[in-house]
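First chain A sits with chain B, and in the next complex the same chain sits with chain C.
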Partner chain A sequence: MVENRIVAEAFNVEAFEKLLSKAAGNDKTPVVNQVRYLARYCDRLGARTIVCEEHYIDRHFLDEHALFYSRSLQPPPNHVRRFHVFSREFSDAQLSELLEESASAAGQTSRQICDDLSRAYLGFISIRPLRSVPVGRTILRRLEDGEPRDIWATGTHDVHLANLTLTIDGLAFQQQDRAVGACATAAVWSALSRVSRHEGMRAPTPAEVSQAAGRHVLPNGRIVPAVAGLNVQQLCEAVRSSGFAPEVVRADERPEFFVVALHTYLLSGIPVVLVLLGHDGDHAVTAVGFQSAAAPHPLLQTSVPVRSARMSKIYIHDDRLGPYARSFLHPLPRTDDFDECLLLAIETPRDAHGDELVGNGTPRAEDREEWVLDSAIAPVYPKLRLPARSLITLAELLGDLIEHIVGPENATKLGVEFYFERSGSYLSKLSGRIGLGCAGFLRRVALPRWCGIVKWFLDERPLAEFVYDTTDILRDEHLLGAELLRAVVCLDSRYRGDFQQIASIFPVPST
Partner chain B sequence: MTDDDPKTKKAQPAAEHGASSALTPETIQRLLRESVVGAHELDEKLKRVFELSQANALVRLK
Partner chain C sequence: MTKKLQLPAEVVTLGDAIRWLREERGMTLRALAKKVNVTAPFLSDLEHNRRNTDKLTEIAKALHVDVAELQRLDGRLTADMKDWIAANPGIVALLKDIRASGRSAEELRSAFGRKRR
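Now for the complex of A and B:
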């Protein structure tokens, strides 16, 4: 008879490593890197208690099982073990009390119990019954990295543990199993899991991603087992098959604009698959967030004062390591021997103590692994047709005008960034930013599902936002973007008259 | 009072802060028109950045 077993115990990093390995049936061979990373990551998150769920049917592993493992001579079980991690101390007996309290409470009190526990909930790790590749679908909270300038493309997930509903904000991670999926499968799957859920769709499983990637083109041979890997073309096909459009950008041609695009998609909450070139083969990871430095990098600046030039750290899901691994952007100038390029230095677990895996300090140079950034794929909503490229062009069109408004003495203090946002969310976030008298604007403005925003800053403070329709393309710059501009939102009352004057020229609603 | 009246100008908070640039529709049109060539050139350069080459498309990821 199938029976679950839920047990709480105190967290201890070494014991947790062993527990995770044992859960995969691996108590003899060395602990795999990903397990070591996860145990240390949970420690840094402040883990105090682990709740193990012995029998959990994970849809993503079940699909892998159905596609591959169920047809093996000796198939593994079709369920995973889930380990829930909490930053609060409680015993196994206290867990029983919590479950009973929640079961006997009325709706609102029960919700309160879950909300309280969710505040201490750090997420879960699924362990597949696969000894060498145990880490299945895992969602953990992001680690604060000591700076307030972090941006994350993550989403909120409801997690059910017995009768409790917990919430966690994060991006799904899993290790490639080399049977159903390669590193590229894991990277695309992570990105699609965020955008699918954001659009109210069911996230595809790794098996679905693999099958979609190999449906039409097989340049490297068979897809399952996944030992041959996938190419970029196949990743684009997997994105398309999942109901999204693969927006592509290359890093080997004007790296500064590649960084603008990466900044734009992450700021829009869209994880980006990064294609990396290495000495011993190529690799794919998912960019899930970034951190900005105080000053822009000279090699990342463009003709418009892009804030992306300050992007320094990129947080990645790297299936060889774990979730939210830190990496550093290093733009290299053109030389006699090499074209300009972008390096991504990924922190690796080379330190004997593993301290730098998810650390807060600056890691030693030898603990970083350098890759050349080749290209990126962002899965976007299909009707979001206006690319990041056009937002840059539109900012270039407006640049002189904005400089004129703020005056030559302030021109060097200007900054601009780009992002896409669902219009309902955009309008609701205007609350508290545009003040009284905006009812007329809100009644007039008409936006598509996704809008494109060119946001100007003056001296680090928001100045104005130009809001564009994304359901069409920028056909002719001679129309000055008029065919796409839908609203002008002034965020600095000193310049309201100027921005209203601009809006009246196009003419579009303004605040 | 007219727009040129110093009292009128003093009454406007933006002018007090020295922030308003007194944009006219003609100035806006002129500045936008002047930016068109540069924007068009930039857009042409960006085309190559936002399209994968054959080499990019065939990178094999394991």
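Now for the complex of A and C:
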């Protein structure tokens, strides 16, 4: 008879590491790197208690099982063990009390119990019954670096533990199993899991991603087992099959524009698959977030003062390491022998014991593994047709006007960044930012599902946002983007008159 | 009035120098582009060392530096230089000898006994 068993116990790094390994049926061979990483990551998140669910049907693993493992001579079980991690201490007996309290309480009180527990909830790790590749669908809270301006393309998930509904903000991670999925499968699956949920769609499973990727072209041979990996064309096909448009940006054309695009999509909450070139082959990871340095990098500057030139640290889901691994962006100038390029230095374990798998402080140069960035693939809503590159052009077209408004004494303090946002969410976020008298604006403004925003700053202070239609492309630069501009939102009352004047020329609603 | 150019060590190329000088003088890229009558994207490319320009005199003037100082940093071959080298094959042989000698441009200048401009 199928029976679940939910048990709570105190968290301890070494014990947790062994527990995860044992859950995968591995108590003899060395603990895999990803398990070490996860145990240490949970420790750094402040884990105090773990709750193990012995029998959990994870549809992502179930699909892998159906596609591959169920047809093996010795198939493993079709369920996973799920480990929930909490930053609050509670015993197994106290967990029973919580479950009972929630079951007997009225709706409001029950919700309160879940909300309280969610504040201490750090996420979950699924362990597949696959000895060498145990880490299945895992969503953990992100680890803040303690420095300003961490941006994350993550989303909120409801997690059910018995009768409790917990919430966690994160991005799904899993280790490639080399049977159903390669590193690129895991990378595109992570990105699609975020955007699908955001669009109210069902997230594809790794098996669905693999099958979609290999539907039309097989340049490296069979898809299952996934030994050869996927190329960019196959990744695009996987994205397209899931109902999204693959926006591909190459890093070797103009590195600064590549970084603008990466910055834009991450700022828009869209995880980006990064294709990397290395000495021993290619690799793919998912960019989840970034952190900015204090000063812009000269090689990342463009004709407008883009804030993306400050992007220095990128957080990635690297299936060889774990979720939210740190990597560093290094633009290299053109030399006699090489074209300009972008290097991504991924922080790697320092020693065989994996003591620094999560990273602590600034790592030494030898603890980083360098890859050349080849391209980025952002899965975008199909009607979001305006690429990030066009937003730079739109900013460029109004650059002189903006400099004129703030005056030469302030012009060097200008900064600009770009993002895409669902219009409903954009308009609701305007509350508290645009002041009274905005009813007329809100009644007049007409936006598509996704709008493109060019946001100007004076130092760190938001100045104004130009809101564009993304359902068309930029055709005629002489019109200064008039055919796409839908609204002008002034965020600095000192310049309200100037921006209202610009809006009246186009003419579009303004605040 | 022009000044003797003093650049930090990390400023190596012409593009680096233009960007550094522009920022030093508190000038935006667009403001400099307007002064020398080029587009901002063109000037951005110049700062990335992706283009040559015949506007070096105007740029030097706008940045208040001696044009020769900027020319010294311009490592890219202009069309007329390429023509001149093509017309004088001995130059290529001479350049090969110089490279084989392993001596820096600075050492060669002092070997020639010429004062750096």
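By our rule, the second predicted complex is superposed on the first by the 505 of 511 C-alpha atoms of A that agree within 3 Å, B and C clash if a C-alpha of one lies under 4 Å from a C-alpha of the other, contacts with A are read in each partner's own complex, and residues count from 1 in each chain.
By our rule, contacts are C-beta pairs under 8 Å (C-beta built on N, C-alpha and C of every residue); 3 or more make two chains touch, one makes a residue touch a chain.
On a predicted model such as this, the values are computed, not experimentally measured, just so you know.
Engineer: Could you classify chain B and chain C on chain A, in the superposed arrangement, as clash or fit?
Structural biologist: fit
Engineer: State whether A:S375 touches chain B only (first), chain C only (second), both chains, or neither.
Structural biologist: So A:S375 only meets chain B here.
Engineer: Check whether A:S303 is in contact with chain B, with chain C, with both or with neither, and answer first, second, both or neither.
Structural biologist: After superposition on chain A, A:S303 lies in contact with both partners, chain B and chain C.
Engineer: Can A:P333 be said to touch chain B (first), chain C (second), both, or neither?
Structural biologist: In the superposition, A:P333 contacts chain C only.
Engineer: Check whether A:F257 is in contact with chain B, with chain C, with both or with neither, and answer first, second, both or neither.
Structural biologist: In the superposition, A:F257 contacts chain B only.
Engineer: Looking at the overlay, does A:N220 come into contact with chain B only (first), chain C only (second), both, or neither?
Structural biologist: First partner only, chain B.
Engineer: In the superposed model, does chain B or chain C contact more residues of chain A?
Structural biologist: The partner that reaches more residues of chain A in the superposed model: B.
Engineer: Tell me the contact category for A:G399 with respect to chain B and chain C: first, second, both or neither.
Structural biologist: In the superposition, A:G399 touches chain B and chain C alike.
Engineer: Figure out whether A:T412 sits in contact with chain B (first) or chain C (second), or with both, or with neither.
Structural biologist: Touch partner of A:T412: chain C, not chain B.
Engineer: For the overlay built on chain A, what is the smallest gap between any CA atom of chain B and any CA atom of chain C, in Å?
Structural biologist: 5
Engineer: Can you pull the chain A residues that chain B and chain C both touch?
Structural biologist: On chain A, the residues that contact chain B in one structure and chain C in the other are 303, 396, 399-400.
Engineer: Tell me, which parts of chain A touch chain C in their complex?
Structural biologist: 256, 298-299, 301-305, 333-334, 340, 396, 399-400, 403, 408, 411-412, 414
Engineer: Under the definition above, what is the set of chain A residues touching chain B in their complex?
Structural biologist: On the chain A side, the touching residues are 182-184, 187, 219-220, 227-233, 235-236, 247-250, 252-254, 257-258, 261, 275, 277, 281-284, 303, 374-375, 387-390, 392-394, 396-401, 404-407, 474, 477-478, 480, 492-498, 501-502, 504-505.
Engineer: Which residues of chain B touch chain A in their complex?
Structural biologist: 13-14, 17, 19-21, 23-25, 27-29, 31-32, 34-36, 38-40, 42-43, 45-53, 56-62
Engineer: If we count contacts the way the header does, which residues on chain C are in touch with chain A in the complex?
Structural biologist: It comes out as residues 13, 16, 19, 23, 26-31, 33-34, 39-41, 43-44, 47-50.
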